[in-house]
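I've put the structures underneath this note.
After this come two complexes, each holding chain A, first together with chain B and then together with chain C.
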Partner chain A sequence: MVLSLILSFQVVICRNEAEKCLIETSINSLRISLKVKQADELENILTKKFLRFLSMRAEAFQVLRRKPVQVCPFFGYDISFLITNYHCEEMQKHKLIDFIVQFMEDIDKEISELKLSMNTRGRLVATEFLKQFI
Partner chain B sequence: MACFERASPALKQILLQLYHSDKPSAVEHHLHEFGSLQYHIQSYVSEARHVYLSISTPILSTGSSTLHGFPRYTIETVKGICHEVVQIVEPAKTGYQLTLKLDFSKIPRKKDAVKVITEISSVQAVILSSQLRELLTNVNAEEISQGAYKPIKLVYHPNEPFYVVKQPAKLTAVFPIRFKEDSDIVIAKAFFQELVDVGNSGVCARAPPCYWSPIPPPELRGESMKDLSTNAGFVSFEISARHIEGKKLDKTVWSLLNFNALVKYHVKCTKGFVQRRMRSRLESLVEALQQTGIEEDHNTAKVKGHRGMKKLIKVTKGAMKMKRWNLTKKIRRIRSRLRIHGFKRFQRCWLKLPSFSTVMSYQKIEKS
Partner chain C sequence: MGEHVEAEAIITRIEHKSRKIESLIKQYKPIEALKTALEGSPPKTKDERCKSANWIVVHRALMAIKAVDLMFSSLDPEYYDILMKYLYRGLATGDRPTCEQCLKIHEKLTQKAGLGCILRALSDTVNTV
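The block that comes next holds the complex of A and B.
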């Protein structure tokens, strides 16, 4: 039991109910799972689409997992990273950490920008359509 | 009918080519367009400057009855398209509902030719619009029950009916919206929200008020459940007299007929836009990750130190071993070909390479 405590260690960092980060450690690797904020249905589908898009191209990222961690059938995370000792040898650790932090910020920023762009496009199309009646 | 332009671009291009050709030639074209629309264009060598255009298009039907063939008012409207140039041929070509004979010699000038041919190319839009226009302007007595007008169900595509409810002061067009995918439903709902907001804003104050509701509006009470079961709600437009007077009637009718197609096209374009954004973001993220690779620090390259020396020795030792091995192989080859007496001794003394002692380990010389 002591051995299992030494070998695996988990920490969950929560900003709120909707945003969480799970860090699981082991002897030679580290798994980081993120739950991204989704305020409404539109953000929900945009997040799903975007993170699935990235996960399907996980080989380009090397440290990204193809499937995010599922804690239980009703709850899971949106995206997971797996960093092994090989990655730490090939890449600089401090830059790897910066990349993951930057990744988290970029995801939020990208989802917000996508939502804004979609609403702007919808407004333009609606305006042009209604002008036909004038 | 997904083509939002009234004139069919392909038909217009073919008619313009035939108009501009100097020599009479036998030409036959079959065009199929979205919405089960078919055109047949034929010209003969014997009939120079005459072109036969046949059209087959789904007819806008009401829910209770399906019209067979074009009604009289539609034929009258088609006759009104450039009556000097266009002549209706009866009976129509087999498999088509209408055949027109176009006389290019009657088209006045080259500048007007494009305008006339564009009008002829929009014959399908004219046919559809005339049907809806007739339905909107003439209300039969059967459709009035208990002082209220019954909703008229119009079916163009089998799964996309829409309703027109005529009332004394206004006319309400109700569109039940359905999508197959959940993501399409969410995108469409976001679009309808924007449509309602823009309709209520000052920018389009004169446009018909637009509403969206997840449940069927009260005007559709009594309609069949199959038609009223949707997953993206109901969009309603309240059209008043000023939107259907004069030339605005055509625009209003065309916009209503194309509303479903517009929504689907917008959802498709939005998905394409999202895909493009994701691809560009993926490239930028991968670039950022590639910068995390271990590189030589330029400041410390000049002073290699212990580790640098180790590397150098490793390389030197390796190269020496390789050289020795190659030489040994060469000598073996030489030995196998010819034998020289005393060569072994010579080889042992002179051809053996000296072994270097490593820098890492050293022998301490004891003081005697």
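The block that comes next holds the complex of A and C.
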């Protein structure tokens, strides 16, 4: 309740129905939450596991938040960044922005590679397994 | 009570505007249509229906624009800030065609008007669209 008085502003920017970005500002920090595109169930699982892996190691990234923002019980974002005034004092703003953009691009690439390698492995395993029935 | 009457008057005005905009769009003048839609935007009113009604009209004009690159040669700078506010409203909808169009226009508008325009549009919490 008190939090809603402190959070001064929020904006949602959507690319389409599946990808959106929530930016919430407060007096000394801002929270950026992103929803990543998940085309199918496999990408859904890979994204969740991979982003959980990263978020658990949030200390290493400094600006990463341990838990993504949950808007309501049914809907939440996939990853959240928390940038405070301390971060802005220690680091350069444009570098922070570049970092976030690069981070998300790398995540996209990584998840595509994970999906590809998983499909390849699945195909190999299935082929080997079914060979015994030929 | 006075506000209610004012809101009705604004909505009637918006309906007049919407007819004019439809005819301009049919004449392949989408930028004129956008100017009409942005003119007399009711930022001072607190009534959500007026804002929604005006948004619908602006949205119609925005979606009718095909040549995004050329639109800024005929759009006056006084409209840039209010257009930016409407673009962010469009981006919040999540509807794919709207967001695509808004992103295209946003890119060109930022090139033309600069980052200050974005900041003015986002930080103005008093006059919202």
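The criterion applied here is as follows: the second predicted complex is superposed on the first by the 124 of 134 C-alpha atoms of A that agree within 3 Å, B and C clash if a C-alpha of one lies under 4 Å from a C-alpha of the other, contacts with A are read in each partner's own complex, and residues count from 1 in each chain.
Following the convention adopted for this analysis, a residue touches a chain if its C-beta (ideal position, glycine included) is under 8 Å from a C-beta of that chain, and two chains touch if they have at least 3 such contacts.
All values derive from a computational prediction rather than experimental measurement.
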Both complexes share chain A, so when I overlay them there, do chain B and chain C fit or clash? fit
If you stack the two complexes on chain A, which partner ends up touching A:Lys20: first (chain B), second (chain C), both, or neither? second
In the superposed arrangement, does A:Arg31 touch chain B (first), chain C (second), both or neither? neither
Is A:Leu114 touching the first partner chain B, the second partner chain C, both, or neither of them? first
Which one hits more chain A residues, chain B or chain C? B
One more residue to check, A:Arg123. First (chain B), second (chain C), both or neither? first
In the overlaid three-chain picture, which partner chain does A:Val12 touch, first (chain B) or second (chain C), both, or neither? second
After overlaying the two complexes, what is the shortest C-alpha distance between chain B and chain C, in Å? 22
Please output the residues of chain B touching chain A within their complex, sorted ascending. 182-183, 186-187, 189-191, 193-195, 197-199, 203-204, 206-208, 210, 239, 243, 248, 251-252, 254-255, 259, 262, 266, 269-270, 273-275, 277-278, 281-282, 284-286, 288-289, 291-294
Please name which positions on chain C make contact with chain A in the complex. 88, 91-96, 99-100, 103, 122-123, 125
If we count contacts the way the header does, which residues on chain A are in touch with chain C in the complex? 8-9, 11-17, 20
For the complex, which residues does chain A have touching chain B? 41-42, 44-46, 49-50, 53-54, 57, 60-63, 89-92, 95-96, 98-99, 102-103, 106, 110, 113-114, 117-119, 121-123, 125-127, 129-134
